[in-house]
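Here it is: the structure, laid out below.
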């Protein structure tokens, strides 16, 4: 599958680069949702009042920024172990970027319609989509042998299993949102617990080994 | 033509990088067309109703995202076989990027005026423009010997011939749009058939050789 | 902490690249605040009058552009001495980028509400946030031994101390803004003085050694 | 001046990269000025009529795209001969990028106020600013010995002299615009003539040598 004609080595870098650029643009476009209030009264108190009214949008900006930042770190993590690509990887990566570039829309929707279940579900689904695409990328990289040759099969499988933690948490959040929109975000606190359940071998290791591995993975 | 003064090797990378950045920005700007509905009624059903009304725009966003993604992969494909550049390549590449960066406009136009023939023609013409510019880049790279030295003349010509499949499909789609706007998009299904007709040598090869080549090309 | 599994060396570059892309996007988005006046009277004098009215916004654009440029140069400076990264560095860097990407908002606010103390404080706080994040990145890089191995501990500490000059100036500016909004920006003139006070060893050196070091740092 | 502490070699690339990203964003933002007409009458003829009314804006988009593309190629050209940087180069480059990122404003202004002298002067001045900054970068690179060591002093001076052609043409265009706004753009046709006058040594060479040099420079 990987017997490419000779090439510069630029190509795989381009895939990573293109992804980084999309992440960077999306994370920066979020601030455009913070529209400056047009006041007729230019007093300090009127301005402060208008800014306080913007706080839900500021919160949306900060939260979406941090989540996209987290997704970028996650993307970063799996691509460190990938050495090559094929057409299947490109399309799966485009699907991931499609979900990432969609995020500003539910962020804006959520800021306008605070505590709306519809907005919360769209928001959660777009992050869940990123996580599923990431899982799908890794499964494909394993199957098509695009991963670095020195990874152990055990290590590859552990990354795959752990990658299911975020989609599971998103699914739980969407289900819980029908019970209570305030309770639903608690699901995301389960991500480390799900990751531990899906990857039980990590428990046997000592604290310091874990820390090393965390930094590496 | 290519006896440049000594350089860092950074230069060709800059051309590819600049192109990637334009692709990444255009693909990410598409989401800005998804304007959040400003509702007076903040009920879940009103919001859901407004979102259903946005579905044509969401479809436009997803389709344009995937098509620009495809164009990026196509750009990627030919630039893997290019080793150097000259002024002619730079301007042809700028023409390609001009067509790419124009895409958000007909995408927005199409979302506002669903099933409009004028919008469909502009949309198709901008993708056709990208495909023609790509063909023109490759012809120039062949003529000015900017391609990698280890490519066979036969392989170079096959890439050129196959590159005509998309412009032909776009032309057919524009002609068909005068008959029926619903039928016209079917033209794009002809792309693989056109590619096969334009590159008949590919038929003689075995299935598995084709798969390898596909992944490589 | 840094015993990563084998990797391409692409990874650290990605962190720097991602940061550069965010800086580039933010610095370019600033111009979007310069809205073209929609005039009913298309005479040259009406247009010139409208443009004169835009001068505070143009000033805001130029000042924010130069400050973000300065912050990019500062980011550049410390990352030249960093050789590796870990999760802690990634999150501190994301915090810095969060503050950078927030800048267009107070810039727009300031242009709309000239001489408003609230706008000035938000503006100063976002730059102060960048400077604090930068200090925090460097402290972490020192503690986690992510800096280049050939730096002397003395040199590392001097960079840390000097990095406190900008946060101190921002704090002074915010305090002064309660006395006088016109006087407050004078605080920024104290940055080189604070830097000299925080890094007294630099005084002992000859002029030419300083110049070299300035160019290098 | 250039005795930096040890570094990765990433740094100079960052300067070039950051510049490319700004160019790419500005060139892509231009399309945002093409606002989709919101029609009440959804007939094909109404849409075609609205699109014809957009033609001045489309022309502005294409012209600005090509001019920014040209400026990017020019930036590309001089940076191929630069091997190192210092603080002076960074600030001169930021000045160039400030002028580049300002271009969307006069482009939009020009589209709204066709044949306005004020808009034309702002438009020309921003391109002139880029050209002057480019000249200033090159003069500084020569003086601070940041250019590649294998360039001859004669070659360096020729690049400097030729770089004055665009600022001179912009100056002429601004002066002519007071006589006639229709005549003023003709000034830009003088750029190759100015370049030849400023660099008379190029005349002595044979046609084919010139072509090589053109491609290289």
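As written, the chain order gives the labels A, B, C and D, with residue 1 at the start of each chain.
The working rule: a contact is a pair of C-beta atoms (placed from the backbone, for glycine too) under 8 Å apart; a residue touches a chain by one contact, two chains touch by 3 or more.
In this text the structure is predicted, and so the values were computed from the model without any measurement.
A.B. asks: Please tell me whether the contact surfaces of chain A and chain C are same or different in residue numbering, using the over-half criterion.
C.D. replies: different
A.B. asks: Can you check how far apart chain B and chain D are, centre to centre, with Cα atoms defining each centre and the answer in Å?
C.D. replies: Going by mean C-alpha positions, chain B sits 27 Å from chain D.
A.B. asks: Please work out the Cα centroid separation of chain B and chain C, and write it as a whole number of Å.
C.D. replies: The answer is 38 Å.
A.B. asks: When you check chain C against every other chain, which residues touch at least two of them?
C.D. replies: Correct list: 17, 21, 25, 29, 32.
A.B. asks: Give every touching pair of chains, nothing left out.
C.D. replies: According to the stated criterion, the contacting chain pairs are A-B, A-C, B-D, C-D.
A.B. asks: Quick check: in the complex, which residue numbers of chain B touch chain D?
C.D. replies: Interface residues on chain B, with respect to chain D: 1-8, 10-11, 14, 17-18, 21-22, 25-26, 29, 32, 86-87, 90-91, 94, 97-98, 101-102, 104-105, 108-109, 112-113, 116-119, 122.
A.B. asks: Given the complex with chain A, which residues does chain B contribute to the contact?
C.D. replies: Touch list, chain B to chain A: 13, 16-17, 20-21, 23-25, 27-32, 34, 36, 38-39, 42, 44, 47-48, 51, 61-62, 65-66, 69, 72-73, 76, 80-81, 83, 148, 150-151, 155, 211-212, 214-216.
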